[in-house]
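We just call them A, B, C and D in the order they show up, numbering each chain from 1.
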């Protein structure tokens, strides 16, 4: 290891550190008085990149639809690949460099990473996540129809249809596991029994054997507690196994790309998103909305609503925005009318819907 | 217990998919003796090529499949020519080649995601309405039947290629000892280039068939590759029959394993089987 | 500034992982791709103890080390039977199995929910919630581990490790029972990785299984190989480079919709270029 | 007194008998030559005695008492045996000094981490490296040495271990004359210190010059043994060499 290479490497290291320092300082803009900066942390690469892209397109759509407001709203997107250490880096970059006023995160894992940081830096954080722990603290909120809400409507529908035996296919992913835990509690008080409960990993593509296990469980209906792409592959393989027991899900069918797989099936959805959000989203991206896209659209408008409430010369402080958010009631959002409860959870009603000739449609029972 | 026939069928289907990957992998490993992580991405390349040619351009399906397989082969050949060959010329160790293939995998996966977004896509037109066949008490779709037939065909083809052709003799010579093969006058680098082409083409075909059965996504390669590697190691690395045998054994152990335990332990079962083999029979079933 | 302090903390955690893995990969020539499993063991031990019992941070670190050593001993004994590439594949297996345990042993690790609300270390009223203090703590741990690693590699034990890397059969003839040495270094590096895990858990106050996947082990391996094998400063340089690189790329103006994927392409290409033109890493001594 | 004896030693490689019921006795403090045409089992014998290969049959007796039939390779040096290799096996990317130090330190993990007598080890290393004239090159990597220097380093490595029995497998092969003198003087010096040397060599001149006893091997069997002069005249030995 002669002297030369040691020097060359030393110089490379110095350059690398200097570049980072330069970029950091050069970009860290000063805190402007009438511009609200919203930092969005979502998976933009890796195998869940399409969810991050859906969140981004929904928020850009919301920004487009913004009427004239007193303050201007800027969106900054950072990729975190749903990896905790990169989420932390993205958030710290948004806080340290872009001096954002609010942070939006996607997923319960990243939400739990961002929450303490947001709380420590007194910055409003809205998580698109089902884990209530993310909403702990004065500055943290989550916008996801709470599992209890969805399960209440789901159990009522099962009882209305007189279903006694329920078959379950559940992915051991955060959102699905949260809903299932709550559902199992609720079913204890009813005479509905889970006759088969098949668990599988995120990313699984071969469900044939667990389908065979569930095939003769006598279930009258199968709950597919998973999201795209697993739910489509699962639905397809159930049909391929010659099973035509009805299928249902919580939210998954609405967001599926092959909706005609679930033709005629009813399911529970967060709320009935207003028709024009789906058409506007498809017009902008010629893809149907992904998981959490409607939530992202609403969150953007919630932040705007909370901020616009202050007519002062300079923009409101994060504390003011946070307090204002807790007072929001019956906000007319894309996911129906939303109200924020005291521990920071945006409550939106759940509704029963059905796939009718390829389109999600309300069932007004 | 009439669930068993269906489980056997599921194991055969899963086994033949793993076999497709293992065949391609073994063919390349036999000649180059290194674990090419980028082999999995060739499956995604094949799948997406068919998606582009058949669905976007609307070409005839069979023509699209041929183009897809050829494209995967060309990319594999290119990888060898521009990355692995220079490294081999410099007598780089397996670890260097492994890390270089990790880099190639990451980059290629990202390029596919850029071109086609990372959304899960399906290639087959008739979703969910495939013809079903009743076979020995279980249900199997037309695509799955094709997969099993193709696996058998490719096995026969590779065996013919290896043991009946001059090219096959050269490949086997290289597998035994590359230096000796060179001394005897075989242009090993050219042959290995072709081996990469064929191996990657096979992976492309596997990707296409998996695409028809379930669907395609940019990151589908790594999962398939790991199962292919396990199948190859269990069956006997570098041995064509071994790869297929190991694949079916893996398919059976996985499917009957999750029957007894439960679905989410599938990957853990597969790797436990691998480690058991590595302890007691590292050479694999077929290798002496 | 807050952002740079955060990056410095991440850098020191991954430098600890790089230094410890370098002992196994760089000095002893064993390609271990299961380091993230011990990183996870340390993180989960600290997370479970800090949230469920009254145990303090520093005692949880020691318990994490003990658990890591015990587990690495078991795995090491099994791994010592595998030779060459099979060693690497065996480690693929163990990483997957331990990840499956983190994910599915719900009542211990809370499975996919992960463990939130992990408290910060307490030591004579220093407020470690303030990132700068935490950075100092992390750097002290890094310094300690670097010193231990240096002591080991400069000692005759380190020389024997290098001899094992160079020609294990020869050093055996001179009276060294090499499996003991390989087992010892494997456990020492696992213990160090557990320390990094404890720091990560307490810093982020939330952990879930997704941080300890197979690809995380590949990332740590890239740090060691990029930085330089058998050179502790190289591992530190590798950590600096691979933590800073994605952050610098955040500022490079790729068009937004493909920015993230482009970074993956750049990351993959860099790995390939390093292997092609500088296989021993930036300041490595041992050519892979 | 026989320091090392083999009784019906047997080694088979998938059917072929590399060593066929070989019984030899090596005198303490003498230089014993092992000669024979290529493929007669010389290197295999060295590999068996140094534990690199497992013994299929028969036994090896050290100092008339220690019997080992199945010995683990790392235990061999505890019987006081060390060796060089037919084609040099050094620790390539380690310095010359490290190549010596590595064989001098304690054999267990704990002992080697917390090394006690460092100066003593360095003194031995310097002494042997001075003897083979490589002390100036001690900080160079072994891979950068010339062929002759690598041979000398391997011999220095065995000297550093200060064992009783030295197995040299063609140490003179490919050396320049003045290096041959160094190696020959080292071997003679070992003899003066009443150490036992087993020398596998082709060069008849060297055999006559150095060896007290020789064993001639052919196809794994013992053809002849005794004083070099007497043995080399025997018809059978000449025929074996010239090949029927």
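As a convention for this text, contacts are C-beta pairs under 8 Å (C-beta built on N, C-alpha and C of every residue); 3 or more make two chains touch, one makes a residue touch a chain.
Worth saying up front: this structure is predicted, and the values here are computed from it rather than measured.
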item: Subunit D and subunit A - chains in contact with each; value: C
item: Distance-to-centre winner among chains (Cα means, whole assembly as reference); value: C
item: Chain located farthest away, centre of subunit C as origin (C-alpha); value: D
item: Centre-of-Cα separation between subunit C and subunit B, whole angstrom; value: 31
item: Centre-to-centre distance between subunit B and subunit A (centres being mean Cα positions), rounded to whole Å; value: 35
item: Mean-CA-position distance for subunit D and subunit B (Å); value: 49
item: Shared-contact residues (touching 2 or more other chains) in subunit C; value: 103-104, 261, 263-264, 285, 287
item: Of all residues in subunit B, the ones touching two or more other chains; value: 110, 113, 264, 267
item: Touching two or more other chains - residue numbers and ranges from subunit D; value: none
item: Which pairs of chains touch, using the document's own definition; value: A-B, A-C, B-C, C-D
item: Subunit A - residues contacting subunit C, complex; value: 1, 5-6, 9, 12-13, 16-17, 19-21, 23-24, 27, 44-45, 49, 52-53, 56, 77-79, 81-86, 88-90, 92-93, 95-97, 108-109, 112-113, 115-116, 120-121, 131, 133, 172-174, 177-178, 199, 201
item: Footprint of subunit D on subunit C - complex, ascending; value: 151-152, 155-157, 159-160, 162-163, 166-167, 169-178, 180-181, 184, 230, 285-287
item: Residue ranges of subunit B touching subunit A (in the complex, touch as defined); value: 2-3, 6-7, 10-11, 13-14, 110, 113, 117-120, 122, 127-128, 130, 132, 139, 141, 210, 214-215, 217-220, 223, 254-255, 258-259, 262-264, 266-267
item: Contact footprint of subunit C on subunit D as seen in their complex; value: 50-52, 72-78, 82-83, 85, 89-94, 98, 101-103, 105-109, 112-115, 121, 157, 161
item: Subunit B contact footprint on subunit A (complex, rising order); value: 45-50, 53, 172, 198-201, 203-210, 212-213, 215-216, 228-229, 232-233, 235-237, 239-242, 257-258, 260-261, 287
